[in-house]
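Presented sequentially are two complexes of chain A, the first with chain B as partner and the second with chain C.
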Partner chain A sequence: MIASCLLALLSYWHKNPLQIFAYLSGVALATALWSGVQAINLEAKVSYKAAAETLGEGQYDIIQPKQDRTISTADYVSLRKSGWLVSPVVDGYLHNIRLVGMDPLTLPSSFLFANANITNSIGETNIFEILLTNESTVKNLIKNVKVIVDQNVAPGMAVGDISLVQRLLKKDKITYLIVDPEQPLGQKELEIVTPHLTLKNIQQMTDISKLTDSFHLNLSAFGLLSFAVGLFIVHSTIGLAFEQRRAIMRSMRSMGVSIRTLIIIVTIEMIILAIIGAIIGIVLGYLIAGFLLPDVAATLKGLYGANISGNLQLRPDWWLSGLIIALLGTALAMSSQIWQITKLPILASAKPRAWMLVSTSHFTLQMKSAILLLTLGGICTILFEGLIAGFALLGALLIAAAASLPALLAWSLGKLQKSARTPLWGWFWADTRQQLPGLSLALMALLLAVSANIGVSTMVSSFRLTFISFLDQRLAPELFLQVSNRDQSIELNTFLSERGIEVLPLMSKEAVISKQPVELFGIKVGNTYRENWRFLDAIENPWDTLQDGSATIVNEQFARRTNLWVGDQVNIASKLTLPIAAIVGDYGNPKGQVIINEELFRNLYPQSYPARFGIRTNNPVKLQSEIINQIGIDNNSIIDQKSLKAFSLEIFERTFLVTSALNILTLGVASFAILMSLLTLADRRIPQLSPVWALGLTRSQIGKLELLRAVLLALFVVVFSIPTGLVLAWVLLNVINVKAFGWQLPMFFFPLEYLKLGFYALFASFLAATWPSLKLIRTPPSDLLKVFASER
Partner chain B sequence: MVLNLTSIKKSYQTNEGTIPVLNGISLTLLAGETLALRGESGSGKSTLLHIAGALELPDTGSVKIAGNDISKMDDTGRATVRRRDIAIIFQQFNLIPSLTVASNINFQAKLSGPVDKTKVEKIVSSLGLSDQMGKYPETLSGGQQQRVAIARALVSEPKLLLADEPTGNLDERSSLAVLEQMLKLVAETDTALMVVTHSQNVAARMDKQVQLVGGKLT
Partner chain C sequence: MNVKVLILLVFLPHNLLAQSFSGLGSTAEGFADPAPNTIFNFPLDHGPHNTYRVEWWYLTANLSGEDQTPYGIQWTLFRTARSPNEKNGWLSNQIWFAHAAITTPNEHFTTERFARGGIGQAGVTAEPFEAWIDEWKLSGKNFDELSLNAAGPNFAYNMSLEAEGPLVFHGDKGYSVKSSEGQASYYYSQPFFKIKGNLSLPEGDINVEGNAWLDREWSSQPLSENQLGWDWFSLSLENGAKLMGFQLRQTDGLNFSSSSWIEPDGSLTSYGNSEFVAEPIKESNVYDKKIPTEWRLKLEDKNLDVTVKALNPNSWMNLSIPYWEGPVYVSGSHTGRGYLEMTGY
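Right, the complex of A and B next:
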């Protein structure tokens, strides 16, 4: 029985290929964008995990040399003899590949290089003579080394025995020592055995996967938005298919098919179709991910210094998530239809009705739900902290806007109908209003896409303006350079002072302040700081207080994470507590920063010296060459202001390239939703338009009016999208950014951008309506006449 | 006894209050027997037919179809009775537009199990549908569509055939032809038939005639 009924239901799609195409492409597009984003996120997370396993990042304390010092083999031996369970690591770059040398005999067992499975896979090969690397890196490695491919090694990296790596890097020093978590009692203090070395504990290290969480969450949110837009197509197609099959279902019920059986059959049918759509979507998702991954990799490298593999793999985690979300989306879209089946009286009218006759009360209910949702979203943001609450507000805002659209459209069209001066226009507005139920889902999808585009472009453009201004403030010096040792630092300072050149020396140290890993800076306050830096909040004369050592300046990220603001005391070190004199905006940097004057910094870290300098000069090219020639600083250690700004802006642009691509794809999906809705409804328009044709309007006139209707509806959506998008931008700038990255950005308006976007949306609607309109214009009169002959 | 209705009462709730439709109807129908149910529009003919077809339940009273008391069954049980013992022909032919004539005819019979092809061919042939089997319903005339609906109903070998204005949408000539074929097949298969009709001509062809007036049979 189930098979017969299933075939009867499926035969409907055979007679309506356009609807099955719309349905499958809806599921496929929704799944594609979601699974594409998930594939990217997963690839990144696998890379972080591989890095953690390869390097032990975030798992072990390490011992590293103090500034300007090194670790020798003798230091390592001394520490081992004193009872320290440490393992040496050599780290360096060769042909752009990070070579990591480790000692498999002393490494903690959680390291990949010490893992028994790896050792087994090596087999007969001598472990001391091979490099382990993954497939994407192997082709770039030097040829005269034996290489074993292991996908668990982090991308862009090769691991080998320390002696081999030292030989390859032509380096005899040790970069750092890994400290085993279980140390014996009674070992000598590090300061006594090796006073030039320092212990860095896990808390002081940045966990790359935690740091990048916000970035991946943002990507997921956009994936989800795209999925929601795609889901509108699915919902709209399922709704139409159910309406048109009410008669079939009634017949089945009268022939003895129970409600339970009918629900089972419909569910099986939808699962089959959802799986087909999801498979197509996963393939598309793979292509999208492959296209976007290089940009994401560049962003993560630029923004967080995280290396991720540029090669996409078909991992079950993401394609299964695509499949599951496609099934869940379909279940969501069909749940109301299933509910209708349970309520469907056996003898319910066989005429498709609900689609075309959704009453005004339905729209009013949607409007009320929108208000309720918005209130809940607001309450959620007030009551709960964190990014998820921010996204809940964002979601509530978008859904509320979409849900209230049909009611607002119906109201506006009612007003236009009343003000129409000719019968034709009166009919046009009334007919447009009648089309709303059938088109509302596609229009809602368009609203979501255009609003998201306006919101995100406002956010990105506001960010760009703020970021450029921030770069102008921060990158005021014409030259930036880094020295490699204390002597160079002293020599450079003397060299510049003798020439009366203003120099901004910078000392920095990673530290933990107020339980936050931060970068502590020691600076020499000069005119450049006073004239260029703009604060988000400050006391009067903040630089004076910083200069005399009676206050500190912190960045916004630190202030937000610790909830310490201007006037609050910050415990910088055991005997150093200072009030905050100013909070500075710091964009594109995920870390907290605390700034004190150089004297205080030297007191805290007597061994330190300025390693980075900003230099003010009218002739950077000449000065750069003098510094290279006279002090011997490597050309690669000097960068001019222009190049640094260009580099920073490039990172910025690449960061939002993925977002822009997802936005464009979402707009494309929304346009597709309109096309599909118009096409699927076109056939049902004939009985409605035939009487108008019979009354004297030509098919061409009717076709043009249909085209005009689609463009006018899109225009209304665009007008409604602008305030929605701006509110969205406000939420992104003031809620999401603050919670995700720790900075708040001022909001700017870009009317020309909105106009351009509006034009694209109208053009997309025009294109979408062209085909159905042409189809209508070419409808033979005999088809139109059938309506009167009751033969349809 | 194929159909046994005892003291059936049914009323509907409307905004204007409760409207009684059937007021203590009792009726029996034997195998091979034909019955015409007549009455004015709104007299409750279709309601009585739907109750007889296990499509609706009465407020009070007992409905026995082929020995099964359907008023004590749930939706699945009633669906089984409809599938096994009943076939209904509506005025709107209720064919599945996406299935061919052949698939439509076999559809109801397949719900209960394998289809007897010889029997199908005989019914199809006697209704003059042999040339139409590969076509879709939308390409057939009203009379042809109703004959497909009759074939579909009879192929499932029901004990009880219910027809609600089966020829109401057809012209007189087609109407008579369809009726003749239906009666002939019913007689051959010993099926009990209840026809709701306004037509005096149709009613005259049945074994029994009853009139529904004021919720009671006369």
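Right, the complex of A and C next:
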């Protein structure tokens, strides 16, 4: 019996192919972006994990050589013989592949290379003669080495025994030493055993996965937003389908099908459809992810130096999450409908318009929940720190805006109706208003998409403006140069000062200040700094105080993380505490920075010398070639201002490329929602339009009015979207960015941009309404007449 | 599988390693094999024999604190070669590893080290004698006067040793047969060390003294394919005599045993298969395993019938290759103390 009932219900879709299309594409679109974004995030996380397992990044202290020094095998042996449990690593590139040489005997067991499964394929213990690499890297490896494929090795990397890698890299030095977390009693001091080596704590190293967390959260938020938009489509089509099938259901009930059975059948039907939709969505998601992944990989590499695989894999984690979220979304959308079935009286007549006639009280309820949501969102940001709270506020804001839309629309349409001068316009506004319930979900989706677009584009454009002016301040020198040893540094300094060229030497060291990993800079204060740098906050003459060593300048990230501001004391080293003279905006950099003058820096690190230089010159091309020829600095270590700016901007653009792609996709989904709502409503409009037609309006006039209505509604949504989008942008700039990156950005307005977006939205609605209007225009008069003949 | 374990599998009885990979251990391609009637050449033979696959310097000591609390320490340096031809630097085929332990009546501290030959991180020189891995060292101007140290994250010891008797040679003048199929090793000991020094434990430093036993053994093929593991005893009896006895447990339920009776003057009587009998009396649950921590030992020829009982039944060496090793008490026809090692459980 269940089968035949199911068949009866399914036959409805056969008669209404458009609705099944709308329903399936709603589920598919909702799932697609969500699972696409999840696939990207997961791919990145797998890469981070592989890197951590392969290289132990962020898990172990390491010992490195001091500037200009190296680690020899003898150094390693001295350390081991002094009770230092360290393990050597040789690291280098061969044909673009990072070769990492390790010693499996002393490597801590959490490392992949210490646990490699090398027995199956070879059958003997020659871990010392093989390279371990993942499938995507293996094809680029040199031919005369035995290779074992292990998917857990980080992309672009091959790991082997130190003897093999030293031979391949033609290198006899050790790059660094991994320090085992468990050290024996009675260990000698590092400074005594190997004074030329230095210990670097985990805290001084940046954890890639933590740095990139905010980036992935951003992606997830977009995925969720598009899921919400898709869900609107699902909700409206399910609602319509249930409403229209009331008659079938009533008949089934009269024929003896119990409510229980009916619910089971409907649930089975919905699950089947949701699964089909989800599968289509997952396939789409895979395509989207594959399309976006190279850009995401480039962004992560540019912004954070994180290497992620460019190859997308079909991992159950993300496609299952897509499937589950599709099922949950469907369950959510159908729950109220199921509840209605339980209350369906067997003998009551079907009321097809009931679904559309949601009363104004319903709108008021939505409005009230919107206010409640906003309050909750606000409380959430006050009570909780962190990015999640920021996103909660953002979500509350968007949903509240969407929820209050129908009430605002109804109210405005009521006003318009009252002010209408002719009966035709009076009817037009009244008719628009009575269509609201059927269209409101699609309009809400459009509101979400347009506001998100306005908000995100305001943020990105504000960021771009700030970033460009920041680059102009920071990249004032015409040439930037990096030297590789002390002699070169001294030689370069002499060479430039002999020619009277202004030079900005830069010394830097990674350090831990106020429990934050930072980069500590030692600079020589000159005119370039005084003229170009702009501060977010500063005392009077901050450069003077920096120059005489009585103050420090820090970047915004550092100030926010430590909550130390202008005037506060910073403990820089054991005997060095300085007040903050100024806070400088520092965009596109995840790390904290602390700046002191050259002398103080040299006192702290007597061995140090400036390794980076900014050079002021009128003829960068000539000077560049002179430096290369006379000092022997390698061409790759010197870059001119223009190229550096272009490079920085490129990283910036790439970072937001993904965001804009997702933006366009959400707008597309919203337009689709409108099209589907209008199409599904079109048939049901005939009984409402017939009387108007009978009163003398032509079908063509009616069609044009329908088109106008769609565009007017979209216009209203766009107008409402602008303030919503701007509030969204404000939250993004002042809450999300601060929490995600540690910098606050000034907000700029871009009216032309909004106008363009508004036009797109109107045009999209116009396109969406064209087809249903044409359908109306072409409705045979007989159909319109039939309305009066048939008994509804 | 952990690479270190893989390398160490060469030390395990063949049946155990057959489960993980076959071939290794049963044949000794290119390695030298021990032969009877070999004349040892000292001090050279205190040093490594790189043409043999495995070798060890194995020291155990029974100690007492000033308050007579019994303690035990172990210090073992193992050498294993991946192939008989030696290469320099990181390419070396020699792999060294070491175990150190302190056993108290209630606690058992262990740790291990690994190193590659060829770079100086570990090795042995015969004269002056020095056996080292990382900062651990057993060294002295000759084999009779040695100092010893080792440290882990929560324990350390520093000891000095002085030999009060001669070296003793097991089996047929140092040629020790390990199975009825004829597998054998070179095996001699210095069981007459007086030892004293200092233990560093979490509760503080403790001065200790006692007696130590150093075993030297090398071979290329120490075990037969049907052997599951061994139970090895080294006992110092109160009458001044010493007993070394081991049995290799076979898959067929039978054992292969061998033993040496050492008089206080160092004269040694060697006993072949099945004269030395060891029967487990009581098992303890250690790391989810049933381990016999009480034994009845018999050597009829010397009227020996004793019970051997672990000082601390939890003396489990939870290392890359886990086994049981700890100090024991002797009671019955003879009294004394000693060390017990059990593998393959």
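In the analysis below, the second predicted complex is superposed on the first by the 754 of 792 C-alpha atoms of A that agree within 3 Å, B and C clash if a C-alpha of one lies under 4 Å from a C-alpha of the other, contacts with A are read in each partner's own complex, and residues count from 1 in each chain.
Here is the rule we go by: a residue touches a chain if its C-beta (ideal position, glycine included) is under 8 Å from a C-beta of that chain, and two chains touch if they have at least 3 such contacts.
Just so it is clear, the structure is predicted and the values come from calculations on it, not from any experiment.
J.: Look at A:4 in the shared chain and tell me whether it touches chain B only, chain C only, both, or neither; answer first, second, both or neither.
T.: first
J.: May I ask you to decide whether A:434 touches chain B, chain C, both, or neither, giving the answer as first, second, both or neither?
T.: In the superposition, A:434 touches no partner, neither chain B nor chain C.
J.: A:335 in the overlay: touching chain B, chain C, both, or neither? Say first, second, both or neither.
T.: A:335: touches no partner chain.
J.: In the superposed model, which partner reaches more residues of chain A, chain B or chain C?
T.: Ranking chain B and chain C by residues of chain A touched puts C first.
J.: Should A:104 be classified as contacting the first partner (chain B), the second (chain C), both, or neither?
T.: A:104 contacts chain C only, not chain B.
J.: On the A-aligned overlay, A:619 touches which partner chain: chain B = first, chain C = second, or both, or neither?
T.: Once the two structures are laid over each other on A, A:619 reaches no partner at all.
J.: Where on chain A do chain B and chain C both make contact?
T.: Touching chain B in the first complex and chain C in the second, no residue of chain A appears in both lists.
J.: Within the complex, which stretch of chain B touches chain A?
T.: These residues of chain B touch chain A: 50, 53, 55-56, 75-76, 78-84, 86-88, 90, 92, 94-99, 103, 107-108, 110-112, 136, 156.
J.: For the complex, give me every residue of chain A touching chain B.
T.: 1, 4-5, 7-8, 11-12, 14-16, 247-248, 250-251, 253-261, 346-347, 350
J.: Please name which positions on chain A make contact with chain C in the complex.
T.: Those in contact with chain C are residues 73-74, 76-77, 80-83, 85, 103-106, 109, 113-119, 123-125, 127-128, 161-163, 166, 182-187.
J.: Quick check: in the complex, which residue numbers of chain C touch chain A?
T.: 1-4, 6-7, 9, 20-24, 82, 89-91, 95, 97, 111, 114-116, 119-121, 132, 134-135, 151-156, 200
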